[in-house]
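Letters are used for the chains, namely A, B and C, taken in the order the chains are written, and counting of residues starts over at 1 for each.
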Amino acid sequence: MNAMTHTTNAYNFGFLDEYAKKEVRRAVLKAIAIPGYQVPYASREMPMGRGFGTGGLQLTLSLIGPNEVVKVIDQGSDDSVNAVNLRQFIEMTCPGVSTTTKTAECTLVQSRHRIPELALTASQIIVLQVPYPDPLVVVEPSEDKRKTMHGEADYSRLLVKLYEDIVKFDEITISHRYPTRINGHYVIDPSPIPRWDVPKLNDSAALVLFGAGREKKIYAVPPHTRAEPLAFSDVPFRVEDFRDAAGRRRACARCGCTDSFLDEFVADSGSKTWQCSDSDWCDEQLLRTEHPQGELA
Amino acid sequence: MIPPILQVDGYGKHFQLHEQNKLIPSSHNVSFTVRTGELTALIGPTGAGKSSVLKGIYRTYLPSAGRILYRDVAGHELDLALASEHQILELRRREIGFVTQFLHCLPRQTTLDVVAQPLLGLGVPREEAKQSAAELLSAMKLPERLWSVSPATFSGGERQRVNLARGFIARPRLLLLDEPTASLDPATAECVIGLIEGLKSEGTAMLAIFHHPETTRRLADQVVELAPPPAVEELLKEIA
Amino acid sequence: MNKILEVRGLSKIYGPGCPQCLESTGPEVDTNLCPHCGSVVAIHDVSFDLFEGEILGVMGESGSGKSTVVKALYFDQAPSGGEAIFYDSDRQHDLFSLNAAQQRWLRNHRFGMVYQNPNLGLNFNISAGGNIAERLLMSDLMDYGAIRERAKALLARTEVLLSRVDDLPKNFSGGMQQRVQIAKALATRPPLLFLDEVTTGLDLSVQARILDLILEIQQELKTAMVVVTHDLGVIRLLAGRAIVMKYGRVIETGLTDQILEDPQHAYTQRLVASAL
């Protein structure tokens, strides 16, 4: 890639030095080789606070090449503060790299809390920012013991949490960070994506990478790998259904879509509206209704 | 002639009390046989070690001397003095019963459960075992109202009937009886004697100690008279 | 009758150990603390057999090492020496040569443990039913309805009110906590159960009912048990055979009634005499 010679500013291409990138890439390779396994790595200090996506950013910066087309989203939106800041940082430190808001056009997505509605392809990579990489942390404080539990695929205590959930609420109430078993062994915390996005991990054409900067872990769901949300055989996993009191599927107030993940907005008057969480998807739907197919070209 | 089911040969028992540094003789050089369908009675003065013989056979006491040859249901001969604990437990479960003067049972168990217990240990279904227990208790004239309460509150005679019923119910091949009629009124004692005769005719071998010489006379096929063991000094000389 | 457990020469020494440890400790010298190196010889050369469906009592005072025996067999503490073979139907496991994962598998599936302190056996932050569910989930039972039914059946069997199945065990009485522990230990129908001073510290009436329950379970399920206690009454009630320990050594072994009526060792004679 010989990125060093392209450097014209005070920083190396991609901000990280080449040794740091190599280390991250090695961790990525290991993470792909052992689907769902949390690979430790030497998370670098970044010029922003831990918890602002430094893990995802290090993955992006280590994988990025000069011809990359990058999309950065935060909770589905390209325009929220975190997404804008990270995009600007990437543009600043990776000369030549282009950015886009269009899911279909990008080669790499860095995302916080969502996976785009448009199915990703084999030529795309998605990087998810992870605050808490270990799903077992809620049941076992000792990392040492957690490692053993992961090694033996002993997730009984996690399942007990689900059991207690059903006892209390008659259903599993986990709304995001839903524990998901990868390739029949390791259970991962898929980052704070909603349940809606969990099925997208299963048999995904695109490589899914997870980076936790503060917790110094990288893990992956390689393309076409099984990803099964934990559930009971008689209480299956289900995604948000967005039904109103009458049982009708709510539609996006902006584009009218009835098969996307919706955000709820409460107006000052107290009335509620729903709108696509994925802004690019919403735009595309609008475009499609305004210019029915065929006219676009 | 069928070999005896039990052959006791030179049985001796003494207790070594470490704390007081004392040797207590209990039984000495006891020999006799017990045959299938027969009752052998042990007689002798208090202190002759009659109970000690029964306990030695049942291995509640570890014998100090002699052999206790038992022929099991498969015809194998076994020295009970040397048998492993598991062998003894198995024999107690299947072949050898012991009825003492006192009823040792779990507190809080109903009389029916106490009596049915040995059958449950042999794998008999609970209802069937309870049915057998009920039949036996009514044969022994224990009032039915007592069956569902614990024997802990019973009179001596009632308790002893429960004790005997438990000892009889599994039809052991060898039954050890230590004064089984001692605390019974004449009518109940008579009923127990009838039961013992019944067991004998069914082929149970028995070794018994009776309080009344009259009972011994009526039931015993063989009578073995025990003499008190020699004084400690004699015993020590012998052991040395 | 088949053997289920064979323990040979089990030892556990806390501390560096030295060549004089063994001769300087034990019942003859009245200590388990080696005066030369300061090591504690918790147990040394403990051997016994356990048969299917049998209850073996392990009795002794505190410091006799009786709890260490079951903790070693349940893999709570690795022993310093000795071996134990667990005969599980047609398979046999050399317990201390298994790797940690195999040991945990046996512990979760084939053994059960009831501790004196319910805190060790129960997770106080999840419900009584959840505690049982955890053990069932370890065995890959993944049907919520079936798990719940089994948890309720076990709690009913151990006489815990079903209205309390979703309550936290920390709000239970001591006797009730022990019942939940027993239910949890039995969840996977293990053929081997360890009970460590399970009735110590409970009211007498509660003790009696727990002991009844243990006996009933032993008769119903034919579970083999190792019962550790300092209480001769518990041994008399539960155990067919017993071993007596003092300062880490087995000083006497025999049928329970024989140990109580004809104890051989000076220490056992004193123990029995002081209890009766």
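What we mean here is this: a residue touches a chain if its C-beta (ideal position, glycine included) is under 8 Å from a C-beta of that chain, and two chains touch if they have at least 3 such contacts.
Since we're looking at a predicted model, the values are computed, not measured.
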Least hop count linking chain A to chain B through chains in contact: 2
Central chain (by mean CA position): C
Taking each chain's C-alpha mean as its centre, the one farthest from chain A: B
Rounded Å distance between chain A and chain B, as computed from the means of their C-alpha atoms: 79
For chain B paired with chain C, centre-to-centre distance based on mean C-alpha positions, whole Å: 33
Centre-of-Cα separation between chain C and chain A, whole angstrom: 48
Touching two or more other chains - residue numbers and ranges from chain B: none
Residues of chain A defined as touching chain C within the complex: 148, 151-152, 154, 156-157, 159-160, 163-164, 166-168, 232-235
Chain B - residues contacting chain C, complex: 15-19, 55, 59-62, 85-86, 88-90, 106-109, 120-121
Of all residues in chain C, those that touch chain A in their complex: 100-101, 104, 123, 126-127, 129-130, 133-135, 137-138, 142-148, 166
Residue ranges of chain C in contact with chain B within the complex: 1, 49, 51, 54, 208-209, 212, 215, 219, 237, 240-241, 253-255, 257-258, 261-262, 264-266, 269-270, 273
